[in-house]
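Two complexes come next, and they have one chain in common, chain A, joined by chain B in the first and chain C in the second.
Let's look at the complex of A and B:
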């Protein structure tokens, strides 16, 4: 009985390289190489930089989304809350004469409260997170449109949006912030008590309750963080556009869920990585950029993106669904 | 009575294994045409497995079943239905959103011009309901609005209208009150009179004695006896058959002396814990180093008591005191903080993180202990801790990153016990500690539990395996009908007395 017990325990066993979980890396490299070879203007510093610049805003809507999908929860309100960041930024700057330094944290705080409320409803009454956040998505989107219509295309003064164009060593700071956030979260997910427990909660919620984790509180806080970070991304995006616009964050949740799932997260919970989600967002934007460069109609692009989402979910169910 | 009537449903040498667990071993007996035949046994005696096989829900590993002289070839519910065997489960399988009539005739047998003839459907339903004296149930009403007893009757009626030859009823009275149960038993007698063969499962001795023609007792997956229910049949004879193991030859040694010292401090006190329709006011106390067993048959409230003690289920009244500190409300988080741990009865549902490395499993309740600056975990210390536990509990594991999903049941159970011991609990609530694992792992787990208790940890064991309880416990509390009905001390253990308390609630044979 004790022959193979304890004796041969490898304490630092190298995790086997898992092709499935890094498929996003190969997809991205493949697409990148393909576009570099076939499109003349693709492989230029300016083009790549501008794609990354776009990605850096949307990525903030994917951070909380990834934390939640690891716990088996879906947050479809990230797109609308992204938009809310822009709408509230306009409200505070135009109507309340606040500076951008005050407006962004305030917008984030309001979004955080909305996330807190959604998280509370979902955990306290065991409501389906997808349905509740679809409700939040609709309601917030309605509010965004009402507000943004009132602004009537008013421009944000340069003094307020100027910070967004800052560069460090020729790279927009938001890109660096994105990479830093992704790496930090990856590190915390792997090594810190607070984020590592997300995988435990996603793997078996009842087990974590049994051993004394406050799993519901963790979920509520992540819904709140997801909302706040989405609003942050939306506010930055609005600064880049120099005026609040209803297209900010529109349909973003679809891109994010595609990005997270092809980035190795599972809708069954227990899996996911921040760096791979970032790669996923990059992949989705790269694909859109590539399709546009091939003059593919935007509506056709929607068909293709939708198909990719279905394919990714299908693979997820095939690979990860069996264990449930 | 002809031979084919005597051996109407013949069960011959049926064996069924689930993994390492032998659910049935060479079970053979026959059921007569038109009798009510009760199958009796402790939890885990193999009743439900045998019923699943007869009902076609699973096939046997070996052996055969013949109905009316014809061997059953295929085991599927559809095949069983075609042969005229219907099973009514303890858990209702009804369509609450449909009407009573649609539930009784789910295949819409009454058609007129390609459409459902509702007038006829309701008429037929009314006839059936009247036949059973169920005049208060209306064919048109939604089943969800009917009482639980009514739903149970409707489910039985659904089986009856298919004009089966054999009907299996698994604890049909468990959700019913005395009056409703009485009504059901009368209906069953009438159906028997009409020639239906009924296989009946129940733990309620009064009912069994009242309606059965014969009673077959199973024990540990084996056939023990089939008894004629004559007026001289005594409850004690049934109980002796249910428990009559030869324990001298088994791996268990009955504990004869309690190991606890009388001046050991009280660790845990449960005072007046109660919940409506689930648990009558219950008190218990546990001393340091004591192993307290709790025994009850299915539906006795024992497993619910364990969940309520740990705060996994709500309560209406009562409080829990841990080392003198009183808690009017408890939840698992508070219990873990007070150094109380809970070993879950079903490792597949909760208790493990099946897809995460063993290190993550073991460190789960003590993550805070290993977290340093910004919550960063000391992974080396966690690996050391895990290695210690794996060695101490002889868990067969290829590496620390192995996931419990890939381990055997016995090793999974040992991992789960280790998780509970990592926080160094003072009180351990253990629920079915050896369910579904092989004998080797079972003995090891028993040894660990005795070991832990000898170090001063108080342990409450809930188990449906009586020999296990008798070999581990210093005292055994017996539960029946949501109450603790008796306490037996080490030295006074016999399976017969404990089973009698659990089954009929009194120690002396009653002249009923």
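Let's look at the complex of A and C:
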């Protein structure tokens, strides 16, 4: 009933290609062309590959975030749960002598429980999801610091992190996994009944309940999935760094919100797409890579990224805010 | 009379404070030393000054998460202005103007452009931190402030720092403003029922804009006082202070739903949070563990506040 791009539920919308909702594609291409023309070392296979490699970890934090933003909820704890994945990986490998195959699922399970608890509190008491997840963010970040300080820079043995460097056809497998996850979710969001209902919940929460949908349960499950996937990304990132580090996932939430919103998601809910979020994350990392290649100070980069976030939200309010 | 007093929100925070003071004086023998009481004062005063700003935002039903960055910005800017050779009154004036401008930016984003208050102020916090840290350089902490600037933070009157007196003056001013002035009462109208306040004819957007501007100003004032007290700018000032203020305001009788709260409650809430931190420090608790506790406290406070709101809405038949 809807075109597979804008994906609002209005029936009169029959355009096949919505220019506005794919603005992220043009932004990314524009930035890409600009950097290729102005920077000498930019357009090399190694550079692009390494940017994509970085993006592939952070993207996992954005998957659950996108599902939640479609329902109009914002999860600010993705950054610190990303870090928690790394901290728990270190804990299980160093202290409990587990192998990485056991450590990552365990870390994901613990993160999933945290997400479950946060989701339960948010839906049961009708709380503002941002406020609760700020609390979760603080508590988890503190825990990460305590754990990682105890490790004191110990390295993860090669046998444990070796799997992260596997390549398929000359491309790191995490990049392929990222693309596969994005495309699969995009298809499911467009076609499957279970994921399509997220748009209904985001568009009109009370009507979905009247139709007999257990919207609160869906939200709780998505919070849990968001936490687990963030921890997964963080654990992979830690394997790449070869040791748990406190900067893993620091300030990631700002980049992820920016990525999702310039990727066409709306903080009012009911909009969003996984492939465009992936492009958004890629855009944010490309921007950071470009700014670094222009020798722009990290803190100035922070000012620019924050301004882009506020601008993107402002446009979102202008375009989608009137609806509600 | 006593029953009415016990039902007031401020009495909860007062009781919590009293319990903590009692526990601390029994458990620790250094609690009543001069040095500890001084450091307690120096932690209460700037936080409480910021909490007043947070409280007026909360009364309107909004939040300001950027006060920590504005405080840091104020601290580093006063160091910068000092490097440029400004005299003390000019440093204070310029920093306060900068704080006011940062507050106006928040107000512009939230009240005029109608961006969600949490995202807008988190964005400003992020930008403000970046902006403050571009001013920062390592040598800054070795340069001296003029003596009269330091006296502002270090001087005492009747055994209490000047900043405590400044805080008490602002407390008295805000209590009067919120309770007896018609413009102060308007904040409660806006927070309690936005639509109704608009129908009466209040310019709610102007009120919210002014609340954010005043909050920025107060955060800058707190930053100046704090930096005068520690005598040199540091890059660690203001970290997590927005959380402390928010928890303090809600413990002191504010609500995330708006329409509730008082200046006395904010001050008592801050006193509670400072006593708690003081207790953690006396027990030699890890700073990061303290963050975990603060984060969990925030969640607990939000949940209790949400539960009470839900109960009230059910009683009013809105759900």
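Throughout what follows, the second predicted complex is superposed on the first by the 308 of 324 C-alpha atoms of A that agree within 3 Å, B and C clash if a C-alpha of one lies under 4 Å from a C-alpha of the other, contacts with A are read in each partner's own complex, and residues count from 1 in each chain.
Methods note: a contact is a pair of C-beta atoms (placed from the backbone, for glycine too) under 8 Å apart; a residue touches a chain by one contact, two chains touch by 3 or more.
These numbers were taken from a predicted model, which means no experiment stands behind them.
In the superposition on chain A, A:105 contacts neither chain B nor chain C. Of the two partner chains placed around the shared chain by superposition, chain C is the only one that A:132 touches, whereas chain B remains out of contact.
When the shared chain is aligned, chain C comes close enough to touch A:254, but chain B does not. Looking at the shared chain after the overlay, A:191 reaches chain B, while chain C stays out of its contact range. In the superposition on chain A, contact is made by A:212 with chain B only, not with chain C. Within chain A, not a single residue is touched by chain B in the first complex and by chain C in the second. Interface of chain A with chain C (complex): residues 74, 76, 118, 121, 125-128, 130-132, 134-143, 145-146, 149, 251, 254, 257, 267, 297, 299-303, 305-307, 309-310, 313-314, 317, 321. Every residue of chain A that touches chain B in the complex is listed here, in rising order: 1-2, 4-6, 8-13, 15, 188, 191-197, 199-200, 203-204, 206-214, 270, 323.
On the chain C side of its complex with chain A, the touching residues are 65, 109, 113-116, 118-120, 122-124, 126-127, 129-131, 133-134, 240, 243, 256, 286, 288-292, 294-296, 298-299, 302-303, 306-307, 310.
By the touch criterion stated above, chain B contacts chain A in their complex at residues 312, 332-333, 335-337, 341-342, 344, 349-356, 360, 364-365, 367-368, 370-371, 374-377, 379-380, 383, 387, 390-391, 394-401, 405, 419, 440.
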